[in-house]
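These notes open a run of structures that come right after.
Both complexes below contain chain A, partnered by chain B and then by chain C.
Up next is the complex of A and B:
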């Protein structure tokens, strides 16, 4: 059999998946829900976080005890978080390469962007696939506003669904409008405080970029 | 699922072109149609025009282009075809209109190319969405849509739009 058709061919280096979204929408909370699930399914995983001028999110993930602290790298982005994931992802690329070198069997690197606005998006030089996390409490008109992140991401995650009744948000309408502006590309609902809906996110990422089954 | 990891050649390489031509007659050439956006992904799940599921996993250092051949076996070839992009072509009625249209396109992070007095905007979503966004310029007559533009000159470059914030 030719090497080309080897059914066990493995990718060289880990898949890289971006998690973007506005400030406080629940990106780190989603990370904290994803990490144990990927570990439970046997995925060799590492994390990169992006913060403005601190390593706040990296420290939080390291302290969580969910993952070996040395598998969490922090990138400081300065004042312009989307530059580090789109126009000039050099620092994030270097961090991801470093993880690939340090952990030869690494299968997945999750990259959390610094909290930004609805227009932020990931360069496909940096990631293979990216999620955009928005927050129910931001209002059910968010999808309708057609921010670049909402339109272009591979998977839209609408988080904090538990808050919908408290902020008078019509979740059904939010989902159907997201579906409409995204031309049918996928949207999933989560409550990252408790983990509801996160299994489906894991499933989707595995299906699109892990190819390990 | 077919797992493909390498670019083995290009459809325009003379010997490969010849082989593909032969294989075409036997109906064993499969094509993966990709948008310009998806062309820049190293790892993705795709389906060929003959329905074969493909797990594409290229080295970080390699990149797909139109015509990249991913598999060349006696019984099957797989190659990548760029789904040609759609453009919205704008003309301005005055220098002021041109400045405003250029500024606006940059602000929207649209991918554009400059073609003399025309601005070509790459459509990454429905054309109507772009027209809606431009409605203030179109309504005031500062810019106009040029419906059947001639093909652009070869070698027009894509421009990454810099921005300050």
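Up next is the complex of A and C:
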């Protein structure tokens, strides 16, 4: 028996988009830039954060005033964050389910992973599409290290591009190597502190997962 | 014995009449920490006990394990699981109303919010995964939780689902107890209280106690009990902590 044969198969809920990446790469900053843009597009949106030890990211988003606080749920991971988004994403699925039930018109749930290493990735049963956020200050060798996150994500975001000259990073080479290891899959550049490049991220997500909504 | 979806269906669609071997393999699959259950997010009081200086070494972790098995699981979760499983065995899908009543009892008798929430969340994840695997009763019960606001507590869900797979009472005991022990030991490892070898020693040391509990008939649902005040207080103190790795 498979889920496809199940006559009670769950109704499709909101599209789920994952945001992963190393600690400090700018995942929450990207989230804060994405939320108002999707709301301006009229997208009905909610957020799930995965925090290690504290609910800091969830509280930061709740207090931002960008979104109703009750639309932001926090999942305690109890382990390395990738566990809760890949090997055992059931609590994130339960949180998404809770949001779907609470907001029947919900179109998009952004699921932010806790900061993790380059090998983190999302379960395909948890998300429809996922972003991996790295930043130039982490070193321009990250793409060529070929971590699972860089290789497998649907969209690679290189953040803090404004810092490149200050941390001796050759941004052109970094982008070129990202394209090379990702076999041409998309990579976008952002400065989430000021919102530079975020419109293109919104456009890409809208094209990929909101196209039928 | 009534079965909703033979365990063989959930382990790859093999013939359902292969008997014990398939049941055993199914039990290993469902009790494995690789099975997506959400369990890694819960320490069952251990994190607060560590932060409060009550638990700081392997021996004290062992005491926590024993308290969970003897003072909570044996008299509370276990009888509820058995009652739900037995209801399925006797009445099949008609056991749903009985399971819902057991669910209400579990909600009413769970002392702290930390235990209640954990039991509900872990019950939900079990329902969700088994529904996605195609187990009809799991989807029906999940719909009750979603639409009617039923709690969906873990022991009731375990009994109903594992009963629907045709798993025996003793196997269900072993799966539930070993899942609880593995979760607590895993939490102890991540909290830095023990190393990986000591964790395995603790699991081995806990086995005789689990076996003793399993050898006794579960009490009736009208005689549910639990008595682990230190664990209960730890669960309550955990609710208010801002900085925490685990949900309970």
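Everything that follows uses one rule, which is that the second predicted complex is superposed on the first by the 199 of 213 C-alpha atoms of A that agree within 3 Å, B and C clash if a C-alpha of one lies under 4 Å from a C-alpha of the other, contacts with A are read in each partner's own complex, and residues count from 1 in each chain.
Assume a contact is a pair of C-beta atoms (placed from the backbone, for glycine too) under 8 Å apart; a residue touches a chain by one contact, two chains touch by 3 or more.
Predicted, not measured: the structure shown is a model, and the values here were computed from it.
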Let me test your reading of the model: by the given contact rule, A:15 touches which partner, first (chain B), second (chain C), both or neither? first
Determine, under the contact definition given at the top, whether A:137 touches first (chain B), second (chain C), both, or neither. neither
With both complexes overlaid on chain A, does A:209 touch chain B (first), chain C (second), both or neither? first
Counting only touches as set out at the top, which of chain B and chain C does A:200 meet: first, second, both, neither? neither
Touching partner for A:66 - first (chain B), second (chain C), both, neither: neither
After lining up the shared chain so the two structures overlap, which partner does A:90 touch, if you call chain B first and chain C second: first, second, both or neither? second
What residues on chain A does chain C touch that chain B touches too? 2, 5-8, 10, 87, 97, 125
Any idea which chain B residues touch chain A in the complex? 1-6, 8, 37, 40-45, 55, 57, 59-60, 71, 73, 109, 124-126, 129, 160, 162, 165
Where on chain A does chain B make contact in their complex? 2, 4-13, 15, 80, 87, 97, 119, 124-125, 128-129, 146, 148, 151-152, 183, 207-209, 211
Would you tell me which residues of chain A are touching chain C in their complex? 1-3, 5-8, 10, 52-55, 75-79, 83-84, 87-91, 93-94, 97, 101, 125
Inside the complex, what are the residues of chain C that reach chain A? 5, 9-10, 13, 34, 36-43, 121, 124-125, 128-129, 131-136, 139-140, 143, 146, 187, 190, 242-247
